[in-house]
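Input: structures, listed below.
In what comes next, subunit A is part of two complexes: it sits with subunit B in the first one and with subunit C in the second one.
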Partner chain A sequence: MTKLLEVNNLTMEFGGVVALKEVNLHVSAGEIAALIGPNGAGKTTVFNVVTGYYQPTKGDVLLNSKSVLGLKSNKIARLGLARTFQNIRLFGDMTALENVMTGSDSRNKVGLVGSIIGTSRSRQEESLSHSRAAELLNFMGISHRSGQLARNLPYGDQRRLEIARALALEPKVLLLDEPAAGFNPQEKVELGELIKKIRDAGFAVLLIEHDMSLVMKISDRVSVLDFGQKIAEGTPSEIQNNQKVIDAYLGVVDNAS
Partner chain B sequence: MDFSILWTEFFGLTLDGIVVGAIYALVSLGYTLVYGVLRLINFAHSEIFMIGTFTSLGLSIVFGFTGLEEPLGIVLFLLVFLVMALASGIVSGMSAVLLEFVAYRRLRRRGASRLSSLISAIGASFFLVEFYRLTTESKDWDFPRMLSKDPIFSISSAYFTLDKIIILLGAFGLMFGLDRIINKTRLGRGIRAVSQDEKTAILMGVNVDRVISFTFLVGGVLAGFASTFYMLFYESTKFNVGFLLGISAFTAAVLGGIGNIRGALVGSFVLGLIQQYSSVVLGYNWRDVVTFVILVFVLLFKPTGLFGEALQRARV
Partner chain C sequence: MSSIKIAFSKFNLRDSFGAWWENATKKQRIAFRVLLIGFFYALPFLDNPILGTPETNFQSVLFYPLAVYVAMAVGLNIVVGKSGILDLGYVAFFAIGAYTHAILGTFYGVSLWFNIILGAAFAMIAGVILGLPALRLRGDYLAIITLGFGEIVRIVALNLEITGGAAGIAGIPAPPNIFNVTFDVLDPKPHYWLMLTFIMLVVWMYIRLGKRRPGRAWEAIREDEDVAEFMGVETTKYKLWAFILGGAIGGGAGAIYSSQVASILPDYFTLNVSILVLACVVFGGMGNIWGVVAGAILLEYLPEKLRFLSETRILFFGLLMVVMMNIRPDGLFPRKKREKVYDKVTGQEISR
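For the complex of A and B:
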C-alpha cells in the first residue's frame, strides 16, 4: 500500500512543554487509520501540525512523499489534506450548500475577471461546483438541508456538513477530529457506516475518536498516543490486547464501563 | 429652526437624500467589506474616493471639456461618462489594491496588532491627502457641466434631472452587481468565508491574501464609480474632498452595522435623508454636525448598528 500521509519523528514543543515527542504515523491509501489516546495526549496537535497550522519543532510531514512543512495551510489543503473540527467550525451565515461549495472552490481555476463578467467557463465551473456540492450533501444524507443556514442546522447535521465540506476539497486523506462527539449510539453506528463508505469511495481517513467501539469496529489500523508519545500501533484486536495500552487507556475505560 | 420648508420641500429633499445616499452607499461598501475580512477600518478609503474624483476631472481636461458652455448631446455624454466612470473605477481599484499591499500586508504577515494597521491606515491617508494637496495646488477644481440639469419631470417638489436619474440607475446597477459577486461567485464565497472565520477558511483551501486583495479591489472600484457620480452631481473637487464624504460613508457603515453589507446600504440611505432634512431645518452648515452626532451616538449606544448581529457572531 502506498503511504499517502507520513509523519516522521514529529516533535512539537510549546515553550518548553512537549506536546508531541518523536511521533511516527502514516496513513495508506484505502485505509481508515485511527489515532486514539487519553485527553491531552496530543491527537489534535497532530492535526494542527499536518495541516500547517503549527510549525513543528522537529520532524517532517510528507504528503504523497513530498514534504509539506512550511507550506501555507490553504496550499496543504489543496494538495490533499482536509479536516473537520472537534468543536464545529462551519461558516454559520452561509447555507449548507455554500459551505460545501467553499470547500470545492479551491479546485476551480477561473480568476477574478472571469467570475465577474461571467465567462462561459466560470459559469460552467460554478454549476459544476453546485452539482458536486449537492451530490456531497446527498452522500452525507443531508440534501434536505441544502438551502438552510449552517448555524440553524441541528447538531448532528452540522457534523455531517463539516465532513461534506472537507470532502469537497477532494482530499487524499480526510482528517476527522472526533466526528462522533455528542452522537447517540444509533447515530454512531450510522456514522461508522458512512466513514466506511467514504473510505470505499477512495478517500483515506485518519480518525481521532474517543468512542472505542466505533474505533475498533471500523478502523484498519490504530495508533495510540499517550503524553505526546506513540505507545502502540496495530490492528484493533492487537491494540485491545496490548498491555501498555490497557494500562494507559483502555483499562480505565473498561473499568468505567 | 424652520420646519415649514421641510414640508414644502419634502419630496425634493427626499429625492436628493436618496441620490446622496446612493453615493454614500457605494463608498460605505468599501469600508464595510474591508472591515469584514480584516477587522480594520481602512481610513485611507476616503482618499481612494478622492483619487477617483481627480481621475474623472483629469479626463475632462484631457477631453478638452474645461469651461464647456453647451452641454454635450446625450449619446456623447453617456459615452464620455462611461469612460470616466470606468477609468475612475480602475484607478481607484488599483490604488486600493496597492494601498493594501504597501500599508497593510506586511503588518498582517508579521501578526502586528490591529492598532498598528489603524495607524498605518491614518498615515496612508495623510500621505495621499498631502500628495494631492501639493500636486493639485490645493484649490477647488470645477468639473464641466456636460449635461443639462433641467428637470425631465417632477413629482411635487422633487425635480428629476438627468444626472440624478443616471446616478440612481448606475448606483443600483452596481449594488445589484456586487450582490451577484458576493452571493454567486467563488470569490464572493471566499470573502464571506474569511469574514466569518479566517482560520477555518484557510484550512478549506481559501487563499486569504487573494481574497483580501480582491476585497480592496471591489471596494476601490465602487468608490471610483461613486467619485464620478459625485463629480456629476456636485461638479467640484479638492484634495480634501474625501474627508467629509468619507466620514459620512463611514458613519453610514457604522449606522448599519459595520461588516454588514445590507446594513451599509440601509445606513447610507438613512443618513442621506437625515442630512437633507436636517440641512433645511437646522441650516446647511449643521449638516456635518448632525453626521458626527449620529456617529458618536451609534458608537456609544448601539455599536453593533442596525444590522450588527452578523458581525458579533463572526467575531467569535
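For the complex of A and C:
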C-alpha cells in the first residue's frame, strides 16, 4: 500500500525538553492508523510538527513522498493534511456552514479582484463551495445546524463540525485529535462508525484517542508513544498483548475486583 | 443598571429592522435603498432646526467631519472589524492620499480624478511596505508598530520640502466642473456628493467581498488565526490584502479631502484622527458595515450638534461613550447574531 504520510526519525526539542525522539510513523492509503500513549507522550506534538506549526529539530515529514518540511501550514493543509483539535477550535462567530466553507475555499482559485467583480468562475466556485459544505454537514449528520453560529452548537455537534470543516479541505490524510473526548458510550460508538465511513469514503485517518475500546475496534494499525518515543506498533491485538505497552499505558486488568 | 440593560436588550432595532428586511419583497427593498440613498444625497438641502447644526455651517459639517470620517471608518472596518488587525496608525493612509493630491494637483496639475486613484495606489504601496514585515506580529505589538507608522508619515510630511513643512500646502485645486456642478472651496456640496459616491462604491465592494471567499478568510483570521492557517487560509496574504485595501480607501478619502479644504498641514494628521476613526468603528459595531456607518455618523455629528455647550461638549461626548460601552459593549449595531437558513442541498442562504 502506498504510504501517504511518512514521519521519519522525527526529533522535537523545546529548549532542553525532548518532546519527540526519533519517531517513525506512517499512514497508508485507506487505513485508520491510531496513535496512543499516556498524557504528555508527545501525540499532539506529532500533529503540530506534521502540520507545520513547529519546525522539528531533526527528521523529515513526507506527504505523498514529498517533504513538507519548512512549508507554511496553509500550504501543507492544501497539499492534503487536515486536522481537528483536542480542545475544539471553531470560528465561533461564523455559522456552521461558513466554518465548513472556509475549509472548502482552500480548493478554490478565485482571488480578491475576481470576488469583487463577480466573474463567472467566482460565482461557480462560490456555489460549489456552498453545496459541498451543505453535503458535508449532511454527511456528518448536522445539516439541521447549518445556519447556527458555531459557538451556539451543542458540544457533540461542535466536534462533528470540526471534522466536517477538516474534510472540506479534501485531505489525503485526516488527523483527528481526541475526537471522542467528552462523548458518552453511545456517541462513541456512533463516532467509530463515522470514522470508518470517512475511511471508506477514501480518506486515510490518523487518530489520537484515549478511549481504548474505540481505538481497538476501528484501527487497522496502532502506534504507541511514551515519553516521546515510539515503543510499539502493530495491529490492535498485537498492541493489547505487548508487555511494554501494558507497562507504560494500558495496565493490567485487576482480576480481584 | 441591570434593569436599564434589560430594557435596552429588549428593544433591538437591528433585529426588528432585520425581520422587516427579510420579509420585505424585492420591490420594497429597492424602494428602501433608493429612499435611503436619496436622503443622503438630499441631506445638504435639509438644513432645518432639527437636523441642522446651529453653530456651524451644516453643509461643511456634512463633508468634514461626517462624510470623511464615514469613509475612513468604512475603510478601517475591513482591517479592524473584519480581520481583527488592530491598526492605530490609519491616519497615515489618509495623509498619504491627501498629500498625493496636494503635491500632484498643485505642482503638476494632475486632476483629482486621477489623484483619487493615485492616492489609493500610493497608500497601498505604503501598506505593502509596512504590512509585509509588521503583519508577522499580532495584537499589541502590531498596534504599537502601526501607531509608529502613523507618526512617521506625519513627521516626514513635517520635514520634507515638497510637502511644505509645517506650513503645509495651500491652493490645492478642485477638480473641473462636471454636469455644471462647480467644485470650489466655498461650496462643500459637490465634494460631499463626491465623497458619498466614493463611500457607496466602497460599501458595495465591501459587501461583495464580505459574503464571498475573502470575507470568510478575514473572519476566520479574526476568530482564530492559527486555525485559519491550518484550514488552508493564506493568512499572510489575506491580512495584507485587508491592510492595503483599508489603506487604499483611506488614501482615496484623503485625496478628496485635500481637494475640498484646499490647504493641508501636517497637524491635520495626528494620532487623534486614528483614535477617533477607531472609536467610530468600535462604537458602531466592529465588523458590521451598517453599524460602523451609523457609529461614524453619530460620533461626528453629535459634537457639532452639541457645540452650543462649547468646551463642555467633549465631556458629554465622553459620558456618552462610557454609557454606550456599558449598555452595548459590542457597539451600536453589533455584527450578526442572527441565525441563517440555508438550503439543505445547495447550501445557499434562503431569505425568510
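The definition used in the following text is that the second predicted complex is superposed on the first by the 251 of 257 C-alpha atoms of A that agree within 3 Å, B and C clash if a C-alpha of one lies under 4 Å from a C-alpha of the other, contacts with A are read in each partner's own complex, and residues count from 1 in each chain.
Definition applied: a contact is a pair of C-beta atoms (placed from the backbone, for glycine too) under 8 Å apart; a residue touches a chain by one contact, two chains touch by 3 or more.
Fair warning: this is a prediction, and the values are worked out from it, not measured in the lab.
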Overlay on subunit A: subunit C relative to subunit B, clash or fit:
clash
Return first, second, both or neither, reflecting whether A:Glu126 touches subunit B, subunit C, both chains, or no partner chain.
both
Winner by number of subunit A residues touched, once subunit B and subunit C are compared
C
Which holds for A:Arg165: it touches subunit B only (first), subunit C only (second), both, or neither?
both
Now for A:Gln148: first (subunit B), second (subunit C), both, or neither, which partner does it touch?
second
Could you say whether A:Ser106 touches subunit B, subunit C, both of them, or neither, answering first, second, both or neither?
both
If we overlay the two complexes on their shared chain A, which of subunit B and subunit C does A:Phe91 touch? Say first, second, both or neither.
both
If you stack the two complexes on chain A, which partner ends up touching A:Ser219: first (subunit B), second (subunit C), both, or neither?
neither
So which bits of subunit A does subunit B touch that subunit C touches too?
51, 53, 72-74, 77-78, 82-83, 85, 89-94, 98, 101-103, 105-106, 108, 110, 112, 115-116, 122, 125-126, 129, 165-166, 169
Show me the residue ranges of subunit B that touch subunit A in the complex, using the header's touch definition.
181, 184-187, 189-190, 192-193, 196-197, 199-208, 214, 217, 310, 313-314
Can you list the residues on subunit A that touch subunit B in the complex?
51, 53, 72-74, 77-78, 82-83, 85, 89-94, 98, 101-103, 105-108, 110, 112, 115-116, 122, 125-126, 129, 151, 165-166, 169
Can you list the residues on subunit A that touch subunit C in the complex?
51, 53, 72-74, 77-78, 82-83, 85, 89-95, 97-98, 101-103, 105-106, 108, 110, 112, 115-116, 118, 122, 125-127, 129-135, 138, 143, 146-149, 152, 165-166, 169
Residue ranges of subunit C touching subunit A (in the complex, touch as defined):
205, 208-209, 212-214, 216-217, 219-220, 222-224, 226-236, 241, 245, 335, 337, 339-348
